[in-house]
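Okay, got some structures for you below.
The two complexes that follow have chain A in common; it is paired with chain B in the first and with chain C in the second.
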Partner chain A sequence: MDQTIYVAGVGVISGIGNNVAEHLASFEREAAGMADITLFETIHQHSRPVAEVKLTDDELIAQTGLSTHNGRTALLSLVAAREAMTDADIPDIKNWRTGFVSANTVGGMDKSEDFFVHFLADNSKGKLKNVFDHECGSMTEIVADELGISDFMTTISTACSSSANAIFYGARLIKNDILDVVIAGGADAITKFTLNGFNTLMILDKELCKPFDENREGLNLGEGAGYVVLISEKVAQKLGKRPYCKLSGYNNSNDAFHQTASSPDGTGSYLAMKKALKKSGLNATDIDYINLHGTGTPNNDSAEGTAIKRLFHPAYPPMSSTKSFTGHTLGASGGVEAVFSVLAVKHGLIYPNLRFKTRMTDLPFEPETKFQKGQKIKHVMSNSFGFGGNCTSLIFSEVKE
Partner chain B sequence: MSASNYITSSSAISDNIVFKDNKPVFENQGAEVAELLLSVYQHFGFNYPKFYKMDNLSKLGWLAAEVLLQNGFKKDDYRPEEIGIVLTNANSSLDTDLKYVETIKEFPSPSVFVYTLPNIVIGEICIRNKFKGEQAFFIQEEFDPDFIVQHVNYLLGNDILKTCVCGWVDLLDQSYHASLFMIEKENHEGSVAFSTENLNAAFGNRI
Partner chain C sequence: MKIFIRSSACVSAQKTFGNVGFLTDITEYQGTRLRTIEPDYKEFIDPKQIRRMSHVIKMGVAAAKECLNNGDVEMPGAVITGTAFGCMEDTVTFLTRIVEQEEELLPPTAFIQSTHNTVAAQIALMLKCHAYNNTFVHKGISFESALFDALMMLKEQDADNILVGGTEEMVDTSYTVLTRLGLYRRQPVSNLSLYDSTEKGTIGGEGAAFFLLTDKSSSENMAELTGLRTFYRPKDANDVSGRIKAFLVEHNMTTDDIDLVITGKNGDYRNDNIYKELQSTLFKNNTTGNFKHLCGEYPVAASFGLWLAANIIKKGNIPPVILEKDNHAVSAKIILLVNHYQNKYFSLMLVSAV
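Up next is the complex of A and B:
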């Protein structure tokens, strides 16, 4: 039952690219995706930079071929999930038990926001079809239908660790012989709801975010989707190519401290990283790169940094927050960053942590600031920590020749 | 699925009276909700500074849970993962939602915002007591003992939990009612059967 879980395909869309190739190019050019808000009108238009996907809803509809527009989250999800499936190119996929485990936190909120403008002005107005797909599960169903996946589908919504938990859960479904193939990850679009919510919590930076910098002032919201195709050993044997890597470790631990803040010691993140290492049978010194949760808020980076210090001191691996490129894609971030982690293993990449200047006072380490390729990367840890203290770490490891 | 579970303890706060196992243990007539909640906290000598930061719904549920778990419940008989919470109410977090909307007019308050979800009260009780089992919060028009019995029996009957705190925690402006029950598999002295009738009787006694 304790079989190896392989990653056979990846797909991603975010503020720095509409597919995997464009992401790699943006990383190499060190080009971040943040700019003024264009998706909707808001008083925060020019004062809260966000990393929007550079395609309008209409362009996404044209690209995906979705006949009805049920929310930007579903559109983003379909683009990345389809890329991942195409990339995996699993022979005779119909013969395998295939599942879609997709995470998101906003569902069809963008459409609901359109509805309420009209409905609140006149309660006989507003198109009901705009609220039909409000709930998170609808996003998964729309995309699973388009992908032709009917054996299994489920939606996970645990704030910013959602997609990492979807990947974690997908792996368990394969390990327990319930499925052979799982497309796992998540999606989230920027909406007024999330922008105003995070603004209320006073954790949005008015400038471009500076993760793990002493003078960091908050996060920038982003949007996107990221999926990995997880397969069993049996499927891997039929794949006809070497998988990207394996998913060797994972853990979810709760901080149990505060609704929206991490504990000062980073108890949840420490436990998630430590237990993911244990699951993978690795030591802290085996990790070659950490893709940080690194939101850029004073609280997250301090807690995550403290947890890393507890676990890794004195030998710190290279680490960086790719949110300095993509912004914080919330429910999608675990999937988006899992794709980056998989690519790091496959191509020996270390991503730069943009705009880093000053080391944090209490930490004896700092993030990488230069794009590096051709590195020897055997094991990558990807952190995703969510509101409610929901902390998940994943570990991706090389597949030997 | 056998349903031989027991109500081993109960607590309630309504009509300015605090009940433990159906007996009044504290009364503060005439007090408004906020004043009443603080007086309960002080009367029982609870020491938990985070109480002062909570919204009224969380204070109400937290106090009812403190009273419920006092004198009798043997937490050490269970692992944290074996203790769960299932709560219900009619008004969700509307009391705080409305207060939050008021703050938007001047400056949206982060500390009010973080209580604009009903299940935060479950989080507060779990953090206090280190409970880590299954949890759920259901919004229902009125107290539905049939539903609670069915749901909690399922959790206990399928070994998802060994014990469960369940009941009703509702608060909107000056109107409030908390009624909590400790459900365990073992019969203790003074326990009654975990049944619709016994939940209804305990809940109705105090309206």
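Up next is the complex of A and C:
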């Protein structure tokens, strides 16, 4: 049960790119993905910038070859999961027990919204095919069927920590000898439901977000999907190449403070980071880069910052929020940022925290603002915290030659 | 490692919650939708909060707390829930307001409580429980996925007294939509004669059932959860039969060892054909029972099935109302629960006496 879990492949799609290579280019150019909303009609069209994937549903259908449109989330999920599997290129994958563990928060809500307009006017109206795949699990099922995975699949939904928990769970499935290969991560499309939801909470920035800045005013929504291919030691031996890195630590703790707000001292995030370190056998000083949850809301960044201070003071590793590029991709963010963390270990990258100007008054540290490559990065921590107090931290570590 | 069910609690369309007889006073319904019999929520939740909570949150929190009480455990080692549809009431409320109010002046509460992890989160919040907290949302195996997580966690020796539950609420909107999708009977039916005719459609249901799982043996434990297996899209009845046999072999058993088979029959012939086929082949010598005429069909109905199985073992009697016609048995020590949701997601649970 103590075997090492390796990352053999990665795939990602978000507002700054449709694949891994485009993401790396956008990071290097320091080009964020936020703009006006184009996906649907809304009164917030020009007042709430979002980071949309720069492909329409039709373009995604053409690219993926899916014959029906049962939710943009499934389309995004398929693009990234397929890239991850292709990237991993596991020899004779049919001979291994393979699973798909995916996460999302609102399933086929974009289609349900279309249905609901007609349904509300007349309960016998509304196209049933638009609501047939409303469930979160449907998104996973559609993609698993396309990928030809039937040994094991499940879906996790713990708000904004969803896909970090999917990766964590995937690793445990391998450690428990249930599976040999797991494609794990998550996806979420921007919907009217979530846009309005976050807007009612008054945590959407009217400008581009400024994570960890004293004058931050909220988050920008994003969308996308991110997956890692996790493999067992046995599969790693047959891989024919060095894996990207290993997943060395993980923890899920609950803040148990409030349904949506984080506790002032960041109890949940502190526990998640601390216990993930313990799981990996590392000390705080071993961490070379933290990919922050860093949504840009006053509450999250203050709680997360306080938790980091409690755990890392006085030696702070470089850290940044890549949500300053991708926006907050909600249920996808843990997967998307796990991919960035894996790439950070592999290529020695530190991503800039865009638009940072002023250090937060209560914190003795600030995020990195420049893109750096060729750094010595052995261990990366990735944070994902969500509604319901769900806090998860993952640690990715280098594989020695 | 042996895994035990230490305690359970269940809110359902039958009198299953609190200090009541074990399915001794059966409620008959006429219709195609069974609603839960409500506990007195004031015993479990601050009255100020009750007003703001949707049905699924109230059911979930009450069942979770009662389960902890029954197991004499104050703080669980982890909280894991399963739900296919999540918080439908709040989701529908928020969607309706977006449309009707054209996105203007929306109150946030419904959105806040619409996330699928709300029940698990509210349990953590009320208990001030900082432990592992997860929610599985995979259609007809949402509950089994949660249970599977708990079993792994016990094997990892990472936590004890894991609180696992399945919750699902049926609101008018989901009932209307699912009826249009052809899930339910077109004519009202008595739940107690659900299996009497061969028809399309079942009866809709809802409920919440929670369990405390432990690896510590005790005479107080209700039952042993000996095995759990799920599988997806089996090819045919032979495939299902083969998988059941293999599952039993893994636990050094054959169908001869099973005292009672509980199936997920729901009165829709498209759903029940596979059970009928198994009953005339693999299970032809087994006593068989069913449970969905008591609780209705819903994606986590297997959680009611597990509650039933654990109680049959603990209480030492089989409620006659569950038995298939012409089947007779008074007690069971080893029970196999076979369920599927719309022929796609199958689950097997093996429950035995401690």
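Quick note on the criterion: the second predicted complex is superposed on the first by the 401 of 401 C-alpha atoms of A that agree within 3 Å, B and C clash if a C-alpha of one lies under 4 Å from a C-alpha of the other, contacts with A are read in each partner's own complex, and residues count from 1 in each chain.
Just so we're on the same page, contacts are C-beta pairs under 8 Å (C-beta built on N, C-alpha and C of every residue); 3 or more make two chains touch, one makes a residue touch a chain.
None of these values were measured; they are calculated from a predicted model.
Peer 1: Which term applies to chain B and chain C once both are placed on chain A by superposition, clash or fit?
Peer 2: Chain B/chain C on chain A - steric clash.
Peer 1: Just chain B (first), just chain C (second), both, or neither: which does A:Phe312 touch?
Peer 2: In the superposition, A:Phe312 contacts neither chain B nor chain C.
Peer 1: What is the contact status of A:Ser112 with respect to chain B (first) and chain C (second): first, second, both, or neither?
Peer 2: The answer is second: A:Ser112 touches chain C but not chain B.
Peer 1: Does chain B (first) or chain C (second) touch A:Gly197, or do both, or does neither?
Peer 2: The answer is both, since A:Gly197 touches chain B and chain C.
Peer 1: Regarding the shared-chain residue A:Tyr351, is it in contact with chain B (first), chain C (second), both, or neither?
Peer 2: neither
Peer 1: Compare chain B and chain C by how many residues of chain A each one touches, and report the one with more.
Peer 2: C
Peer 1: So, A:Tyr169: does it touch chain B (first), chain C (second), both, or neither?
Peer 2: second
Peer 1: Is A:Thr260 in contact with chain B, with chain C, with both, or with neither (first, second, both, neither)?
Peer 2: Both chain B and chain C are touched by A:Thr260.
Peer 1: Using the superposition on chain A described above, determine whether A:Gly388 touches chain B (first), chain C (second), both, or neither.
Peer 2: both
Peer 1: Looking at the overlay, does A:Gly268 come into contact with chain B only (first), chain C only (second), both, or neither?
Peer 2: second
Peer 1: From the options 40-48, 130-138, 148-156 or 274-282, pick the one stretch of chain C whose C-alpha atoms clash with chain B.
Peer 2: 40-48
Peer 1: List the residues of chain A that touch chain B in one complex and chain C in the other.
Peer 2: Shared contact residues on chain A: 196-197, 199-201, 254, 256-260, 388.
Peer 1: Per the contact definition, I'd like the list of chain A residues that touch chain C in the complex.
Peer 2: Touch list, chain A to chain C: 1, 42-44, 105, 112-113, 116-117, 119-120, 123-124, 128, 131-132, 134-138, 140-141, 150, 153-159, 165, 169, 172-173, 175-176, 178, 192-193, 196-197, 199-201, 252-260, 267-268, 271, 386-390.
Peer 1: Which of the residues in chain B end up touching chain A in this complex?
Peer 2: Interface residues on chain B, with respect to chain A: 108-110, 113-115, 117, 120, 123, 126-127, 130, 132.
Peer 1: Can you list the chain C residues touching chain A in their complex?
Peer 2: 79, 84-86, 91, 94-96, 98-100, 102-104, 106-108, 111-118, 120-122, 124-125, 127-139, 141-142, 145, 148-149, 152, 155-156, 173, 176-177, 180-181, 232-233
Peer 1: What part of chain A is in contact with chain B in the complex they form?
Peer 2: Interface residues on the chain A side: 196-197, 199-202, 254, 256-260, 388.
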